[in-house]
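First chain A sits with chain B, and in the next complex the same chain sits with chain C.
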Partner chain A sequence: MGKHTEVQSHRACTIGLPNGLLYAHYQVLWNSFFAGVGLQTRNSGPTNREILELGNECSIDETCLSAKLYLGHVRSLLGTCDYILVPRINSWGRQRDMCTRFASLYDLVCNTFRDSGQKFLSCNIDAGKKLTEESAFVQMGEELGFSKKIAENAYHQAKKEDENQWKLRLRKEEALYREKGIKVMIAAHSYIIEDDYYGKPIADYLRSLGLIPIRADITDRKEALKQSLKVSPTLKWEWNREIIGSLQMHREQIDGIVLVSAFPCGPDSMTDEIVSRHFAPLPVLRLVLDTQTGTAGIETRLESFADILSFQKKGGLAQ
Partner chain B sequence: MSQKKVAFPRFGNYNLCIKYFVEQALNAEYILQPLLTQRTLEAGARYSPDSVCAPFKTCLGSLIDALEAGADTLIMPPGICRLGYYGELHEQILRDLGYEFDFINLSRYSTGKPKDYLKALKRIDPDLSAAHLARVGAETLKMLAHLDDTEAEYYKNCGFEVHHEDYHKTWSRFLAAMETAQSLHDIEQAYSWVKQAFSSIPISKPAFPLRVGVVGEYFTAVDGFSNHFLEQKIADMGVEVHRFMSVTNRNLRYHGKNLQIGIQDYCCYEMGPTSTANIWAAKHYASHGFDGIIHIKSADCTPEIDIMPVLQNISADYKIPVLYLSFDSQTSDTGLETRLEAFYDMIRIRKEGK
Partner chain C sequence: MMKRQAYLGIDIGSISTKGVIIDEKNKILASAYIWTEGDPIGASKKLLHLLEEQFDKEHYQITAAGTTGSARKLVGTMIGAGTVKNEITAHAVGTTSLHPDVRTILEIGGQDSKIILVENGVAVDYAMNTLCAAGTGAFLSSQSKRLGIDVEDFGEIALHSQRPARIAARCTVFAESDLVHKIQMGYAKEDIVAGLCQAVAENYLNNVGKGKKILSPVVFQGGVSKNAGVVSAMKKALGCDILVDENGHLMGALGIAILAGRSGSIQEFDFSAEHAAFQTREVNCGRCPNNCEIICVYRDGKLIDSWGNRCEKGALRAEK
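Let's look at the complex of A and B:
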């Protein structure tokens, strides 16, 4: 007996990865980690109308759109895999908090789908309790029956892979600032802007209008954290700090900002206000997405925003 | 140097403690703004971003009230969740409106070291010593515990008084005594008095009265104005009202980790700043034969929305009704009363059926 046989018996085990919230940040790390220990993963696929409805039905009404979509993704995976991964992340350190929804996520999912018989896998990161990302991954590996050594190796491999891919993405995104044309930064959580149903169409539409959309969340994160304090000294949410710091780093290189938030979003309800105040007179368009949001309304607003920007670029309004 | 005029946002009865602390520890004048009213909330809402949670708006309104009442120094508490970020935005909004004041945002000093808070408070009183701060701090916490315990006692019994307003009059006298307290002696004297006075109020309470437990978001749960004095409304129907959430219980008396153990069958982790205490309290009420639970929060309060699926499970497991209420600046008193009456009727009929 021992760890080895355990691993063998887990060969057929599949981990479900809901394609929402943390997935946007973690897909490379998760996929390579599970591949590293020899487990299969199953993704819930792109968000669509059906996922939205599945999520909407089982969510508390006042929950943010992103969490509703997430629950839809989880629900579509129920019964199709041995475990569904639902991490819990509380904080990365002082003044580096997550929105409280990420602290509740695991228990929220377990309580919502309590009667489904589905098993959920946690991965708990909480700097205040000295639980780092690495220790969380190792513990998760051990829970799945792997030895500490195997889990550690898989994590380090995955982390390397993740860092390499991130560097590539970052280089590509930063090249956009050097392009000629009207540049608009999209300030949105990664899971919103990467969502196939809600976020991606916004960037696509901006492109079709001849603008160059650039994602604020793909940035030199360390520098962005530092810069965010210049905009807002007590801002405490890690990902909002990255986005706001990124805006600050690039404000001279862009022509406008599009803020995209889920409705209702705790952190964004406050930071959107800070952005509008701090980055004036840079034009800012604020889009708030909810379950009722239709493409037509958004497109009209993007069009008139594009008009303003091109007018201004020609020296129109500013004079 | 002239004495500073210090104020703090209105927050339940706790301003009396802050007053004591400011006057006794910081050698400054405390400006106690008028009680919160609809006008305060409207003023706060007018200048707040639309989608921030209601306590933000209420606090902004009461800071404006304080400035109008003569305050020149505002203190903002540090805090969990969005509250810890309120201060920065409050300050900006107030400055943009043209107000002049000194702003002590404790979030800027919350490095985890008490020394840093001392530094912040020295801005009010440069001669403040750590020892003096500790002594007055301890006295203030005493007052706080007495206020919370007395209020808890009040809502358990005021619905059963024989003579109308007996409880209310006594409670008001106690609050007035706390407002003017100058020493630990004053505090303890007022507390012994109120305990004695409460116990001599005649009540007529059935052996098994209806009992309702209130859980919910910190600010809205403890601030009567923010929850439209919901506890009084239910108590007046002849109900014993319990509420676990208070500064004393949440921050001083109980150890979050130990409460967590009692709710393991519902959640593995701390789900949010007040989640553990609320889930624990809800389970406690459910398993101790209470007749109903009321969950209150400001609209869109993220952490409290997230415990609702847990409360739904507790409700199903223990067969106890839970009423979910959200408050914002639009909440109407009549709408609330209708829902409370319907809830009351339901739990009364269920009890009679047992």
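Let's look at the complex of A and C:
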């Protein structure tokens, strides 16, 4: 991995944040960290068709839709900022791995855009090598020319802000379980369900059908990791464990599950299968997204799933 | 004299367009089944004409209309249907009205296939093929062309085979190369045809039917259910009897007619859409980077509906 030794003049420096993959998890932490050290950030904005096409052009065919979109976001930021942040996260600890996509992300981006002259900033988290989140942020700060102390302070401040905001979001999401109506948990990675072009329309459409969609990924993460072991004692992917644990915690409070994957990748195809079997007889709908821009197929599936749930609740077929 | 109420249901699929008119007791008063031929509007007009010919206008008045199938929205707009619903719900409603004890509905259509599980007359679970159309009617008809056989004769030929050839059916492209290979190796035509039917059944059960408990009574529908070879392969694979209704192809249309009737809103339907000129136009919105493709539908030159826009910026209003 390339190391940037050059020290930038801090005031003028802008960090580009591609709005894909890790952004959904890290936006608060990143934005407050960079604000804490006095740097500006620049977001690539919501996914749209232009970004999809940009990403599609520089990706191999057989890869995850979210990874294609990510490259599109990176590409749209090229040349507009001093650094583009592309983190590398390998693992958080034992049985807390990330999908290989996240371990390879930095190298993949640097290589894809090697002729662009753009500088990339990494944030390397790898429990196996004793690289914690804190050490990764401090290293990132040092790479940008800040002292260890400044970086440490900014990290702690940002972490506090992140935890506070997360608590608020969690409280709001958990209130949905107490609402009256047909409740459907959307089991999808945050980067899918928060995507403006692909994920958000799914939740919006479910809402327009009169259902209450609840996100499985907004959950008490610690408890979810613990609960996931009841479903599968060997599952090793951090985010899939969070989602499965969250489903386990709330299974009695919901009427159905919608699984949304961006690609039948290793982690998702395995967890989707576990979910369909483990949570039966709870109705489960599996959706796999692709680069197609038409929404008709997805709508047909969601609408019929909503029909099944509401007929079941009424105890009769469209009576 | 008070006319009796009747309901119209149209199911516009990728390959065929089906329509029924039923009375209040779900009895079929008129029905028609034609090819869509890539022209859902033209096919629907033709269908309306065929239905009108059979329909007893003196004693009945259509008070509700519904559309289903992949062109449900377009044709729903065109005929002013009060009920526009997905084909899964329509099939479940149609089938359970005729077979109240059904537990599993298998459906293989022109471009997609689905399985619906029913308990006490209520659909409880379903699955649909994912993105590709492997193992559907489209696959069979393209292979029948390659073999120089009419797709209608496919089933009959398959039944003559003693030893069906093994054909990989996971992917249409692989299946096709496997098929060509087997032809060149000198396999008998009926064995290849039977092999294809078997491949379709297995592909369906391994993909769409994966992980689903298939309980009998089983009803098999969709265009492919007319193929005796696939029916026999499906029976063998499932180890139980399968019911193929002679009206199986009309279930979606029947279901949507029933749903339209139950919707409670009364809207008298005449057949005027049959003679109106409909036009669709695709416009690229261009008001934001999404550049949505918006479909506009015109009746006699007047915009009656549009869709495809992801946000309000692309909303086009119908002319009153």
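The definition used in the following text is that the second predicted complex is superposed on the first by the 305 of 319 C-alpha atoms of A that agree within 3 Å, B and C clash if a C-alpha of one lies under 4 Å from a C-alpha of the other, contacts with A are read in each partner's own complex, and residues count from 1 in each chain.
As a working rule, contacts are C-beta pairs under 8 Å (C-beta built on N, C-alpha and C of every residue); 3 or more make two chains touch, one makes a residue touch a chain.
Computed from a predicted structure; not experimentally measured.
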item	value
Room on chain A for both chain B and chain C (clash or fit)	fit
First (chain B), second (chain C), both or neither touched by A:Ser304	second
Inter-centroid angle chain B-chain A-chain C after superposition on A [Cα, multiple of 10°]	80
First, second, both or neither for A:Asp290, with chain B first and chain C second	second
Partner chain(s) touched by A:Arg277 [first = chain B, second = chain C, both, neither]	both
Contacts of A:Cys99 with chain B and chain C, given as first, second, both or neither	first
Chain B versus chain C as contact partner of A:His156, first or second or both or neither	neither
Which of chain B and chain C A:Lys313 touches, first, second, both or neither	neither
First (chain B), second (chain C), both or neither touched by A:Ile51	second
Chain B versus chain C - smallest C-alpha distance in the overlay, whole Å	6
Intersection of chain A interface sets (partners chain B, chain C)	273, 277, 288
Of all residues in chain B, those that touch chain A in their complex	49-53, 56, 81-82, 84-85, 87-89, 92, 96, 105, 107-108, 111-112, 266-273, 275, 299-300, 302-303, 305-310, 312-313, 326
Chain A contact footprint on chain C (complex, rising order)	70, 85-89, 92-93, 96, 121-128, 130-131, 211, 258-259, 262, 288-293, 310
Partner chain C, residues of chain A touching it in the complex	48-51, 197, 201, 273, 276-277, 281, 283-284, 286, 288, 290, 292-293, 296-297, 299-301, 303-305, 307-308, 311-312, 315-319
Residue ranges of chain A in contact with chain B within the complex	60, 62-64, 88, 90, 94, 99-101, 103-104, 106-108, 110-112, 114, 122, 124, 232-236, 263-267, 269-270, 272-274, 277, 288
